[in-house]
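Take a look at the structures below.
One chain, chain A, appears in both complexes that follow, with chain B as partner in the first and chain C in the second.
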Partner chain A sequence: MKLELKDVRYVYAPGTPFEVEALRGVSLVVEPDEVLGIIGGTGSGKSTLAQHMNLLLTPAGGEVLVDGVDAISLEKSELRRRVGLVFQFPESALFAPTVEEDVAFAPRQLGLDEEEVKERVRESLRALGAEELAARSPFALSGGEKRRAAIAGVLAMKPEVLVLDEPTAGLDPATRQDLLALILGLREAGVSVVLVSHDLDEVAEVTDRVCILEEGRVRAVGTPAEVFYQDPTQAPATVRVTSLLKEAKPEIGDPVRFGETLDALRALQEV
Partner chain B sequence: MENAGDGTHPGGSFAVSCERISFSYPGSERPALSDISLHVRPGEYVGVAGPNGGGKSTLVRLLNGLLRPDSGGVRVSGRDPATEPFEVRKHLGVLFQNPENGLVAPFVEDDIAFGLENLGVPREEMRDRVAGAVRAVGLEGYERREPSTLSGGEKQRVALAGLLAVDPEILVLDEPTSMLDAAGRREVLEYLGALPAEKTILHVTHHLEELLDADRILLLNDGDLVADETPERFFSDADLLRENRLVLPVVPRLALELGLAPAKLRTPEELAEAILAKTESGTRAG
Partner chain C sequence: MTSRSLGQFYPVASPVHALDPRVKILATAVFVVGLFLIDSTVGLLFVAAALMALVAVSRIPAGTFLRLLRPVLFIVALTVLFQVLFSREGATLLEWGFFEVHSGGLRQGFFLALRILLLVSSAGLLTATTAPVALADGLEDLLAPLKRVRFPAHEVAMMMTIALRFIPTLGEEADKITKAQAARGADFSEGGPLRRARTLVPVLVPLTVGAFRRADELADAMESRGYRGGEGRTRYRELRFRKGDALALAVTVLVLLVGVLL
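Presenting the complex of A and B:
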């Protein structure tokens, strides 16, 4: 699916003294089968933008297009099945007595038969390495386990685009790496992923393209190498290291991911 | 025994002491904490690390009396948080992980003042303390905003300001930077670094680089206290890190892979310099 935002604007509390212009004309395309990173400082509009992707928030101006069709003309339920949104701290919305029931809730709303619902629940939990949690109460889980259960609930809808708003906040580094591997696996399976994150190091590892938001506007968009080498002060640690070496060692190139960077640094040491 | 003190006041000479505490959540087959003992002296800066589900947040909740241990005893400034939670919370303030849950008032400034109101601080003084906390976290101009219109990172700053306004002797920070970008994280760490030395700090985090300045790091995994080490020893112990699903941050990880000292090279600048020095000496030698 191709998801397109055209000149999207949004204002919180319009017409009051507390009015905040959160998005000031954002145009952005989520291409099929890509992982798009959305980064930017706190308050730059990242979450507001994410919530426009399935029209959880209705733009005050501009439009959202799904394969060229105005998203407003689609059934809300249809749109939200195709574009899955995982909120910040999604575990606060867990409610059912067991994880299994919780994950089954959304697919059951689709009117699928019970066999299909069960299959989807199993698949989603397996994708998140959370099968052993199926019969547990969501409230007796640790923070990381709850997070995985909550993401499984959205995955069970089999969305074509999965929007993740700070999915790794508060997770331990190993669980974070598992989640990043899941993102890459979903892309392999033909799902587009939008990763909203303040962690540039993780964005560097998994994204095909990166968009920087600043005060509700797109400041830059491109491949991670293009975007990060343009302004290495706002870049992941790998790029901050290599860009400091560039003047003395131009042969280092433009590596971004950890593995590429380590190879480039090793090559320097070998000559 | 180290904690015997004068024998009249268990844990009295410690800011925080836990004696053989165990805790299980109802319906859970394995304990969240089993038989943990730890002691923190006034003025110590102690990091708490470990995987999700290791017991870190449970420990925090036992310290401020939100939970009570199944067995064993907790003392905070000599008091038992399970029986005197309100007294304990005057001495020990917690910044919780998810800022959404903590914000209650209609405006940012009321939220920051909330803890002070509960302590019965006079109005005049309250105004000064709130203003000081707002400045400390860089939220000037946000006083009359509604918390619901703030971003996750801004909410986290509001919660931190509320804690700084109360100014407890013991600060417990549960993932205080989980929603902040790199710049915001550096700022929060600077506020922590600028706190007076007599403050006791327990800092729970997955970002191990934030703990480089800690006096020691406690590692909780699967309900057990598996290590109590200085940051230098902790960072260089590859087996300990691997066994406990801990991953070093990018700069020390690159350093370790390149055969350079991981705990000494904290910033990209320091690492780049070390690499240049090494390649240049290599060129001269060759």
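Presenting the complex of A and C:
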């Protein structure tokens, strides 16, 4: 599925002293089967943008297109199933007595039969490596376990685009790695993923394209190599290192991912 | 939470904002008592004019201030309706079967509507021009004499400050959770009252859990910063009773006296 934002604008609290222009004309495409990273400082409009992707916020200007169709004309429930949105700190919305029931909430809202609901719950929990949490209370889990349960709750809708708003914030390294592996797995399965993040290193690791937001506008968009080598001061550690080496050894190329960078460094050594 | 409603602080610089909160609380109390002593429409209109002048001085845009009144319009309309329909005083203006509209009912309805609106406006002006913390400080000072009879003035003021402080926070949290559940297909607009009440469970449970967690964290944060009740506690902002405050209080009393006499 192709998700397109055209000149999207949004203003919080218009007409009051608290008015904030959060998006000032953002145009962006989420291509089918890609992982798109959205980065930018706090207040750059990342979360506001994420909430436009399933129309939890209605744009004050511009439009959102799903496979070329204006998203406003679509059934809301259908749109929210197709574009799954995981909020920042999604664990704050866990509510059911058990993890199993919490994850079952979304598929039940879709009106699926019990068999199918159970199957989806099992599948989503397995995808997040959280099967053993099924019968436990979501309030008795650790932070990382809660996060897994909450993300499983959105995954159970089988969205075609999954938008993750800072999914790894405050997580331990192991859970973080698992989540990044999940993102790549989803792309293999044909799901587009939008990853909103502050962590440039993880964005470099899993995304196909990166978009930098700044003060509600798109400052740059392109492959990680294009975007990060344009301004290596605002880039992941790998790019900061190679861009320094590049002055002496231009043949090192434009590696971004950790593995690529390591290979490039080895190649340099062998020469 | 982006919508503004009754009782929200409107942060601009104005002479009314700058008044001592104790004076504003007292003046509001005087005003409210005065409203119930005034028994003529002319008196109420005079007081209303004075209040409007005060709103102008407070630099709160008229439109914003009128919007503050929206939540009570229903009650006002109901009051007027009852007065007009059931009062049998004065000349008959309209007759339609069982219903009769009398001039006395109209007058009485207008009078009561004005009184309710003035009542709400005065309280609204107090909270719109006084920061919640200043309001609590002022209240604590005014309640201080009651400490002698073991009334926990400081604790009450602290609870009020905390409650006021957390209204927007909980509002934001509710908004966030509502959106998160909407993203999971929750529909808050469909079905009868029972179904709608049930759709609120996924919002209310996490909101309550979150509120308790916040309360715990806040208590810990207060303790770790050395909070141990009001005994011997000093203030960062000392309240000062200035000449302007005395003047404001005097003018308020005077305006209401004139209103009562009119």
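Please note the rule applied: the second predicted complex is superposed on the first by the 271 of 271 C-alpha atoms of A that agree within 3 Å, B and C clash if a C-alpha of one lies under 4 Å from a C-alpha of the other, contacts with A are read in each partner's own complex, and residues count from 1 in each chain.
The definition used in the following text is that a contact is a pair of C-beta atoms (placed from the backbone, for glycine too) under 8 Å apart; a residue touches a chain by one contact, two chains touch by 3 or more.
Nothing here was measured: the structure is a model prediction, and the numbers come from that model.
Enquirer: Which term applies to chain B and chain C once both are placed on chain A by superposition, clash or fit?
Expert: clash
Enquirer: Check the residue A:S92 against both partner chains and state whether it touches chain B (first), chain C (second), both, or neither.
Expert: Both partners, chain B and chain C.
Enquirer: Applying the touch criterion given at the start, work out whether A:R80 contacts chain B, chain C, both or neither, answering first, second, both or neither.
Expert: Second partner only, chain C.
Enquirer: Let me test your reading of the model: by the given contact rule, A:L244 touches which partner, first (chain B), second (chain C), both or neither?
Expert: In the superposed model, A:L244 contacts chain B only, not chain C.
Enquirer: Once the structures are superposed on A, label A:E160 by its partner contacts, choosing first (chain B), second (chain C), both or neither.
Expert: A:E160 contacts neither chain B nor chain C.
Enquirer: Could you say whether A:D172 touches chain B, chain C, both of them, or neither, answering first, second, both or neither?
Expert: First partner only, chain B.
Enquirer: Between chain B (first) and chain C (second), which does A:E100 come into contact with in this model arrangement: first, second, both, or neither?
Expert: neither
Enquirer: Go through the superposed model and pick first if A:N54 touches only chain B, second if only chain C, both, or neither.
Expert: So A:N54 only meets chain C here.
Enquirer: For chain A, which side has the bigger count of touched residues, chain B or chain C?
Expert: Touching more of chain A: B.
Enquirer: After the superposition on A, what does A:A13 contact: first (chain B), second (chain C), both or neither?
Expert: In the superposition, A:A13 contacts both chain B and chain C.
Enquirer: Would you mind listing the overlap between the chain B footprint and the chain C footprint on chain A?
Expert: Of chain A, residues 12-13, 17-18, 92 contact chain B in one complex and chain C in the other.
Enquirer: Which bits of chain A are touching chain B when the two form their complex?
Expert: Where chain A meets chain B, its residues are 12-13, 17-18, 20, 39-44, 46-47, 88-89, 92, 137, 140-145, 166, 169-177, 198-201, 236-238, 240-241, 244-245, 248-249, 258, 261-262, 265-266, 268-269, 271.
Enquirer: Taking the complex as given, what residues does chain A use to touch chain C?
Expert: 12-13, 16-18, 51, 54, 56, 76-77, 80-81, 84-87, 90, 92-96, 105-106, 109-110, 139, 153-154, 157
Enquirer: Show which residues of chain C lie in contact with chain A when the two form their complex.
Expert: Listed in rising order, the residues of chain C that touch chain A are 2, 4, 10-12, 64, 173, 176-177, 179-187, 201-203, 205-206, 209-210.
Enquirer: Could you pull out which chain B residues touch chain A in their complex?
Expert: My answer: residues 25-28, 50-54, 57, 97-98, 100-101, 144-146, 149-154, 157, 175, 178-184, 206, 245-247, 249-251, 253-254, 257-258, 268-269, 271-272, 275-276, 278-279, 282-283.
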